[in-house]
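Quick heads-up: structures coming right below.
What follows is a pair of complexes built around subunit A, which joins subunit B in one and subunit C in the other.
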Partner chain A sequence: MQALLSFENAPPFAAPLRFFLTAPLFAILAGLLLAWNGPPLMASRWMPGALAATHLVTVGFMLQVMLGALIQILPVVAGANLRHPLRVARIVHVGLSAGGVLLAAGFLIDPPGMLGFAALLLGGTLLYFLAVCVQALVGVPSTSPTIRGLKLALIGLAAVVGLGMLMAFALTYGWSVPLSALADLHAGWGLGGWAGVLLVAMAYVVVPMFQLTPGYPARPSWWFPVAMLLLLLLWSGGVLGNLDGLVRLSQGLAAIAGIAFCVVTLRLQGQRRRARADATYRYWQLGLVASVFALLMLLISSLWPAASELEGWTIGFGILIVAGGFMPFITGMLYKISAFLSWLHLQNFGQAKIPAPAMNKILSDTDCQRQMVAYVVALALLLAAVIVPDWLARPAGLAFALANAWLFWNLAGAVRRYRRAQAEMAEKLAAL
Partner chain B sequence: MSHPKTPHVVDARYMEPPGPFVATMEMLDTLKEGEKMLLLLFREPHPLYKVLRQNGHDYETELKPDGTFEILISR
Partner chain C sequence: MTTIRSFMTDDHRRCDDFFADAEQAIGKNNMAAARAAFEHFQSAVLAHFECEEKTLFPTFEAKTGMSMGPTQVMRMEHQQMRDLLGDARNAIESGDIDDYLGLAETLLIMMQQHNMKEENILYPMCDQHLSAELPAVLERLEMELRDE
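Take a look at the complex of A and B:
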């Protein structure tokens, strides 16, 4: 796999690993918060607990893995080298982790000024990350849809952070802003413009490579990231100009674009040449199917706005797109990347004299698939809890925390086996 | 497999890593001075590009409509 991540391009393992091991802890916290807070958390997306849990997952889990993976993968998919990757990783990891905890605490217990402070910390950290990425990408031509997507996703990140900071300061200082419309737009830029475009740009590379599928057709691949950003700009224009029709039109078209991507990916997976379905493949299938349903809900509410007034609609949509869509995509990749990076660093450590243990020995696919069963149960409980929160909100929270604790256990086990293998290889090398 | 651009082709589109890298380096070793080879992949291999540049090889990349990157490499 040197062709995927040639070692001289690879940052130290410690750079991405800190993000990968921290992310499940935030998801555990989100689950425990639901188990503790219970049904009121699912009553409305404006409940403090719902806001805290949402950001524990989106900032603490999703953003954590995405930034860690980007530090690792920018040289590979874009030929863009970050300067001092370990230093960047340390700074971003501390800022993001502390910012994530403070943001959730700011929503939940609302001590004076904490929300604004958390927004400043997160905004500063992400601005630094963006500056580092821009510096690495300056002069890198967009020779592939992946590179174009990466660059546009960073614009999406800037937008979601800017909107988040605006709302946090508005809440802190009592500014008069249209909070509901801005929150939708913040979510749109976060899930569509940043996470969605980044995921699609990465999928162009990793789906054919890891699942041995045909490639994504070139023309739509070039256009998807651009179309998504243009639609989000339209949406933003609609919010600024108070044009509800424009907002709904851009939401509906963005939903259609997202569904098209999911359907194309499912079709490509149907033509894969790898017979065995591993945990990454299964997690991606779950993510694609759940995303199609979530985006259908978005399409329906853009055509028939009263739908979003139905009880549980918005919370159900949020669970389906975040816990059903993005988290499975990310977890599937997390398993693949962690096993691969362990193997890559051991392979290098062996200096071509001692072979590294196989990836499956470092992180067993069976363990990953068992954890996935627990995650599917948790997701089903979360969705059912939207309908019967009084009975299921607390069990769903507990199941979500347990499934993510299992994810942490699997990843930490891989690190333990990596360290043990490295020690054994060092002994053998010394004996040569 | 042959191709209008060159008879020396590595079709690595359904190969697992590190297959494409190994097959490309092996074929490059068999080429004579001035000959070219073609690598077919569903992604741009930036780490391979770096190795090619370090070893003094020129390359040109073209993205085809089906998502195949055709990378023409000079010996």
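Take a look at the complex of A and C:
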């Protein structure tokens, strides 16, 4: 409730912004790594370069934006106020960024102990973040599927971090654990239980409200996050009990649930009442279509495990779900939230005496749509590189780095215009 | 059962519909229809603000004693949206489509995040604290919105 009490409690722009500006830099690093490492990186998911690039994107890009956005929106969607949001943002941002770099370096050059140290740093940072969120969410009733989804997603975050730490320590200290099964489970909790449930919880809000579509069907909305978490628990049980059938059953069902969500969202978007297709909407469409294909691959490999032995299958799946699915969703929303927050903070700064420039003056849709074309080219190259890595791995990496550099340029431009507008408004306020 | 939350949420959606009508008309380059739809939108939103500020919020404040709390923040956001509405109206009347679309986008997001707070937090609080007064409050809200 306190979140509504005053604007002073709203997080300052600097809190989420640091995450939003850092995220593209990690994606650039991942692209450069592929360009530098070349075809060997795409030979197997276990290649040091592949592990490093994956985590540069998932921890450095995805997690970075997700946590920054959560700090901003917990008060809005759940009425859950973080105490000292700027302090939380500073600590989490430093821990996450340093941890992300060290983790990638740990995979790539493997100096003794670095992997374990990176895991400790990331684990500690995320434990702190989780504690802060739980503190804010205690006593907040789940009055909407979004609030319930947010809470359950945090359980997914705890699980993916716990599993990641376990594997990092196992590698550091030579513990004997079933690494392959655990890595799948870690990815399942990360992409399904955390990122997936969080995305779905956000979609319940952002799809109907900003695209003016009909709402998601109520009952399935309440149950989707719960079902996803139960399936992941089932999967975990399968790994613990060494029951391959149970693992495959839960993977298959999770894939079906994910496809159902994507299809429902595509159908809702088909009924949207907004006249224009902006970059955010297009990015969502891209993400949904790519996710459907990725999840079909997961479904196929759960029915026919030999599929995942096919050359390039797992790498192709990873690219489709992460670079094709999650990154477009995140980038699309990142554009919208950055422009809106710029406006909102300028509006408050103007004290209702000086008008703030509208969102499109801060970040124009044309710039975002152009960047999206570059991103689509990069994604197509990445997917083609799975088939002909010798020819395309390096160009794909370079294209991916460039598309994300463009994203950074667009966001930094918005911040520059924000600062300029603020300076002009300050002059006008002083002259009043 | 009708609650404050369901009743007021329905009115939010009604305002959204008018907003969409205006944007659709602009998409079809029909400025006369766009102006008419915007006028509907503006008066629906203003009527919604008014019935909250004159009836719902004061009743809530009297009952809970929270006069500087959530309702105060909602009032401030109403003012921000009134300003945006005014600017958007000027833009649409002078036929400046680009400006209108930018302001409308800003207004839509401002409005939706505001609605989210009301629908998920404030209205459930109202339903909880005003359960005894519910039928009377709903009747007044209904009357005020009809008279708009």
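As a convention for this text, the second predicted complex is superposed on the first by the 423 of 432 C-alpha atoms of A that agree within 3 Å, B and C clash if a C-alpha of one lies under 4 Å from a C-alpha of the other, contacts with A are read in each partner's own complex, and residues count from 1 in each chain.
Note that in this section a residue touches a chain if its C-beta (ideal position, glycine included) is under 8 Å from a C-beta of that chain, and two chains touch if they have at least 3 such contacts.
All of these numbers come straight from a predicted model, not from anything done at the bench.
Of the two partner chains, subunit B is the only one that A:Tyr204 touches; subunit C does not reach it.
In the superposition on chain A, A:Leu212 contacts both subunit B and subunit C. By the touch criterion defined above, A:Ser221 reaches subunit B but does not reach subunit C.
Once the two complexes are overlaid on the shared chain, A:Thr143 sits against subunit B and subunit C alike. Contacts of A:Pro178 after superposition on the shared chain: neither subunit B nor subunit C is touched. Of the two partner chains placed around the shared chain by superposition, subunit B and subunit C are both touched by A:Ala78. Applying the stated contact rule after C-alpha superposition, one finds that A:Pro12 touches neither subunit B nor subunit C. Contacts of A:Gly237 after superposition on the shared chain: neither subunit B nor subunit C is touched. On subunit A, the surface patch touched by subunit B in one complex and by subunit C in the other comprises residues 1, 3-6, 76-79, 143-144, 146-147, 205, 209, 212, 273.
Those residues of subunit A lying in contact with subunit C across their complex are 1, 3-7, 76-79, 141, 143-144, 146-147, 205, 209-210, 212, 273-276, 278, 336, 340, 343-344, 347, 352, 355, 358-361.
By the touch criterion given at the top, residues 16-17, 19-20, 23-24, 26-28, 68-70, 72-74, 76, 79-80, 83, 87, 98-99, 101-103, 105-106, 108-110, 112-113, 115-117, 119-122, 124-125 of subunit C touch subunit A in their complex. Subunit B meets subunit A in the complex at residues 13-14, 16-22, 42-51, 61, 63-69. The touching residues of subunit A, counted against subunit B in their complex, run 1-6, 8-9, 75-79, 143-144, 146-147, 204-205, 208-209, 212, 214-219, 221, 273.
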